[in-house]
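Here it is, the structure in full.
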Amino acid sequence: MAEIRKDYLYHLVLKGERADGRRFDEYRDIVLETGLIRKADGSALVKLGKTQVMVGVKIQPGEPFSDTPNKGVIITNAELVPLASPSFEPGPPNEVGIELARVVDRGVRESGAIDLEALCITTGEKVWIIFIDVHILDDCGNLMDASSLGAIAALMTAKVPAAQYGLGEDYPLPVKDVPVATTAVEFGDAIIFDPDTDEESVADTKLTVITTADGSICGMQKSGPGSISQDAIHRIVDIACERAKEIREKFLEV
Amino acid sequence: MAEIRKDYLYHLVLKGERADGRRFDEYRDIVLETGLIRKADGSALVKLGKTQVMVGVKIQPGEPFSDTPNKGVIITNAELVPLASPSFEPGPPNEVGIELARVVDRGVRESGAIDLEALCITTGEKVWIIFIDVHILDDCGNLMDASSLGAIAALMTAKVPAAQYGLGEDYPLPVKDVPVATTAVEFGDAIIFDPDTDEESVADTKLTVITTADGSICGMQKSGPGSISQDAIHRIVDIACERAKEIREKFLEV
Amino acid sequence: MAEIRKDYLYHLVLKGERADGRRFDEYRDIVLETGLIRKADGSALVKLGKTQVMVGVKIQPGEPFSDTPNKGVIITNAELVPLASPSFEPGPPNEVGIELARVVDRGVRESGAIDLEALCITTGEKVWIIFIDVHILDDCGNLMDASSLGAIAALMTAKVPAAQYGLGEDYPLPVKDVPVATTAVEFGDAIIFDPDTDEESVADTKLTVITTADGSICGMQKSGPGSISQDAIHRIVDIACERAKEIREKFLEV
Amino acid sequence: MIGMDEKLSFFKDGVRLDGRRSDELRPIKIEVGVLARADGSCYMEMGDNRVIAAVYGPREVHPRHLQEVTRAIVRYRYNMASFSVEERKRPGPDRRSNEVSKVSREALEPVVLTSYFPKSVVDIFVEVLQADAGTRTAGINAASVALADAGIPMKSLISSCAAGKVDGEIVLDPMKIEDNLGEADVPIAMTPGGDITLLQMDGRLTKDELKRAVDLAKAGCRQIYEIQRKVLVDRYSHMEPEICDEAVAMAGEEI
Amino acid sequence: MIGMDEKLSFFKDGVRLDGRRSDELRPIKIEVGVLARADGSCYMEMGDNRVIAAVYGPREVHPRHLQEVTRAIVRYRYNMASFSVEERKRPGPDRRSNEVSKVSREALEPVVLTSYFPKSVVDIFVEVLQADAGTRTAGINAASVALADAGIPMKSLISSCAAGKVDGEIVLDPMKIEDNLGEADVPIAMTPGGDITLLQMDGRLTKDELKRAVDLAKAGCRQIYEIQRKVLVDRYSHMEPEICDEAVAMAGEEI
Amino acid sequence: MIGMDEKLSFFKDGVRLDGRRSDELRPIKIEVGVLARADGSCYMEMGDNRVIAAVYGPREVHPRHLQEVTRAIVRYRYNMASFSVEERKRPGPDRRSNEVSKVSREALEPVVLTSYFPKSVVDIFVEVLQADAGTRTAGINAASVALADAGIPMKSLISSCAAGKVDGEIVLDPMKIEDNLGEADVPIAMTPGGDITLLQMDGRLTKDELKRAVDLAKAGCRQIYEIQRKVLVDRYSHMEPEICDEAVAMAGEEI
């Protein structure tokens, strides 16, 4: 990004403003549509401003890991396909895509969102495998929050396709918690939430905080080649808990 | 190829001629030798003019696909090894090699040449896997026809190695039809069959038509970055049926 | 390496000397420490002058090869990680790393060092798999000898972790022979043992000879883009047998 | 392509299982300019198929040695999302998608004016979000509109659809079950002027059936072309005259 | 992260299973300059973790297109030896090591004075020879010392360790069993001045517990910093004054 | 290399299972110039082995950074066709073929006059169509002739064959069953002058046996050299004198 654009954004922030007129802790408009992909067992399209992410969930029987013989398995993958940004390239996920997938996975896993023991079919032999596939369509910033929201929304509306495998009737995937990721960047003294692409590139360091329904923290990730003060961390955590609650109430009520 | 060579070829065609003196619908000399590779269960060396292709068939027991539990499996691969052309590079098959393998495979599969149900050993557990490996040795044009001819010739002379696996006596692979591929290019108004490397590069668009013994069409592929008229398509199909019949009679009589 | 350095080394050799003052058949100091890696079933750190190699052995149950249903399996891998030399690059082993692993493997395998039949658990179903992983830490020349020494030392101190898999008590890996690799280069008429990095690059052709406890030869490899005289081969073999005996007595007495 | 056990009738009271006549396309929905980052984009539904196409370029070629001195190169990447099919697909290209990418690129190259942009690349990316037979034709249709949306100079649009044979009858635009259990499939792509830029066929057809299939598929392409054209005209008629003119001209001049 | 069946007490008579207090680090051993070929190197033990870090550079960038005109790029490769973990690991990078490499690089980049060496690269390689929870933090500690050993100009050293939660209590520097069966893990890295350059968290913590965990981990980093500093001073105090000054200055000036 | 159960006699009435004496090569057939596209080529049968070698070059090096300023580089790719062995081999290089490629290249490099063609590459490709022990030596023999056919300046030809030990006896040119169940295998390659350019050994031999094996293999190489030379002379003696002279000179001058 041109230096002049960076300076402009910095000066705006000094004046307490953002290029698109949002407050520092204000999210872009969120549109969430579930069930668009009939061939998936659960799906969600998230629009976060102009950022667009499609998440598909597929559920299939498979073998458990040998150290958790009575638990279902979650496999999360993120595809930063070159359709979504001039900076994405074809090929297997690079470290940005891998980090994204792993942070989305961390939120789902560590919050205990999925009752994995309820996904055991035959101990040690067969369990349900949950594939969470994040497909980025348009990267206009803050993929972490958009992808995490898509993942939990797709999971909450997913059905276990038991009938298809002769394993009884289909039933809703048992979801026990609702993790929500909230990402912010530090800009001098200011903390800005839901950064767009420009803001991400100026600030160069993000902090993502994933919170659970009871207000606990179940995942964090500092991302980017800069540093962050401890004070900023705690301020971000405080606001993240609030924002997550709003998002949960607005979009993820069961 | 140098522009001057292109012009030369174009002008020849306008005069109704080809550089090597062939008629427009005339094939280069074909030499077919089968059984040269004793370690393969079937093999064929095809010489189409200077183009040389070796096809080996290996037959081994393996698992059927879950949606066709009582059918054998065909797996076709083509190696455009760098020995065969200055433009081939080492590495896994690129899109040209993949297309070649898939068109050869299409002919064998869609014609029903192999009686796949006769290749079931134990339903849902064990079937014969037919590996068709196309190994290009010298690319002097029209790999599609040479490879397809090699594939069916190798299959027609292949033995199922049952004894080796304690599954009874060896027996000839059950071949029910004889697909033959015929490739032509459009040159202005002219249609030229069995193009050599130069002609391929001038015309830049090929049409391959695969026909069965009863004169049906079981596979087609337009290949190359140009367009073709519907009229040309049907003219090629008509001649392809004739040419295929001649090749079948000359080389593939059971 | 600069030409001037090459000339210098050549001239030294003409005078019967080496840059570090060693005799032609003299090894650099060897330090061998075993058992440093508690998580491995056997391990050895070899320092050969400044060259450092860590070898870890892991032993796990697995399936035998179908043609040797009652024998354990040896799998040898060498990682030339970029930490060890400015000329090593990240990625899967290149041909230098593959050659190194295969020569180390050849010594262990062809000497019959491991009693593979004693590693059968259930014929045709389950045997012990021995993974020998060579991890180069600092490449200051003669990786072949350092890696081979590390491999046999790690094997000789390895325990089969039977208890962990409910297969009885742990027991020492049954080692029946002690292969030792000895590498030399030809420099004009001179033969120089245990070459360092500079000497390797000047001489450009190495000969590695692996001998067994009874003085037989169980593996050889000429490596590098030059030639070697038959006379030199036999002179190297003679001295290699002596050197190997010394190393065996000093470091590998059971 | 059909087994005895699976035999079922594809026609009931003269119409197909989804109520279509033999010569009828599935419902089509096209949206243009759906992505912010891409230079041009298009979302398309053809029956249950859902695809998005994006175009980037003309832009610099990486790696350099792929550059052509006298013209732009065109790249096309057809990719299926893991969740787009019944059984989860492993991410990344497989042999089928490699072939589809090649023939799709070759379906569009004949109309792209590559000589306008030497040494550059036009990248076309097609993501299949849901697949139900015909994704390659849907992808080509969407890509053609996305190219226009990106302002890439073209001789004309390209329109694409398939014809098939089921229960002995030639039908337009086969859906999944017709494709899986039918007797033949013939996807084509063509210019508004009728030049064929994609032609593949598998199954089994007589020469006469092939002719009827190509004729029917061409009729389908013509219908799709009208929809593509309308979408572009609608989008650009609200714009400044010169942009509009150019886009509409491209969409329309050859019909 | 904990299952009912596996419940066990992590404390006995007020100390942890290995005899440590809640706020106590595992034994640390650091050796600097352990490799001859690398420009800088460091071997580190943190409890049962054994890691080696090497630094090469500043040197030329391959492939060229990765070059940055105004600064050096930093690369970091975290790699586990196949024999470093209970079950043999397949050689080469996996998804976890890719993520660790990324966050570790980003933990060190804030202090490397990359603008001194435009168009070049500083390569950091970390090999884990034995793993026992905390390898990423051990790797960052070793890499930081190796950078100093290589003479790479830095604003300061970086020190790294984790805090965790086990049996409801916040503890410093969890070992393997505490990490596997504990309730949360918070690895951090920081400058001597207290700026956080690595922060990750998984498990489940209240806001208050998080604050205590970060405070505890920072205290751990400060102890590690003193050890890193001492090792560098010891090594370079025997050298010619100017070299020594530089290394010691780097090691010390910001505390 | 031998198990008790598999014990069988490799000699019957003083000759080997295929009727050869201990010091006898398998039947050899060499054809030169068998490929139209390659700059030089050679088809070779050694017993049941069938290999083809092609040479391209000297030509430009891709990628560029592999270029050497003062000489040509030599590349060698040994590849087995999937159908060349009993059990179908997965296409593409494996660890064994990587090693064979390396030692084969190093067997030929000593005679190629690389300084004549700085910055270029000589590519040698060997395809094994049928394997029956000794493919690497057959490949080197074929490649050597293909290099001459391509007109690549060489100090001399290279000839290659193996000796083995079966039933306690040293034999020349082991076939598959002798190699699989024998006690040792020693493939070598050499110049007509007797310099060894390939030497590998596996199995178990005394020093004395090794010497006899190398001597026997060298004798085999000398026989093969005569055949290679004759093939080249026959081919080029029909050509214009100067071409012939050069090729024949190369084939002959060092013997």
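So that you can tell them apart, the chains are marked A, B, C, D, E and F in the order they are listed, and the count of residues begins at 1 in each.
Here, contacts are C-beta pairs under 8 Å (C-beta built on N, C-alpha and C of every residue); 3 or more make two chains touch, one makes a residue touch a chain.
Every value quoted in this text rests on a predicted model; they were computed, and no experiment measured them.
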item: Degree value of the rotation bringing chain B onto chain C, based on Cα positions, nearest 5; value: 120
item: Greatest separation from chain C - chain, by CA centre; value: D
item: Geometric centre distance via CA averages, chain D-chain A, whole Å; value: 32
item: Chain D and chain F: spacing of chain centres that average the CA atoms, whole Å; value: 52
item: Where chain C and chain F are represented by their mean Cα positions, the distance between them in whole Å; value: 27
item: Overlap residues in chain D, where contacts from two or more other chains coincide; value: none
item: Interface hub residues of chain C, defined as touching at least two other chains; value: none
item: Overall pattern in which the protein chains touch one another (line/ring/star/complete/other); value: ring
item: Going round from chain B, first to chain D: chain order; value: B, D, A, E, C, F
item: Residues of chain E defined as touching chain C within the complex; value: 35-38, 48, 50, 52-54, 56, 59, 77, 79, 81-88, 91-93, 123, 125-127, 129-132
item: In the complex with chain A, residue positions of chain E that touch it; value: 1, 74, 95-96, 98-99, 101-103, 105-106, 109-110, 186, 190-191, 194-207, 210-211, 214, 218
item: For the chain C and chain E complex, residues of the former touching the latter; value: 36-40, 43, 50, 52, 54, 56-58, 60, 77, 79, 81-86, 90-92, 131, 133, 135, 137-140
item: Touching residues (chain side chain A, partner chain E) in the complex; value: 93, 95-96, 98-99, 101-102, 106, 109-112, 205, 207, 212, 215-230, 233-234, 237-238, 241
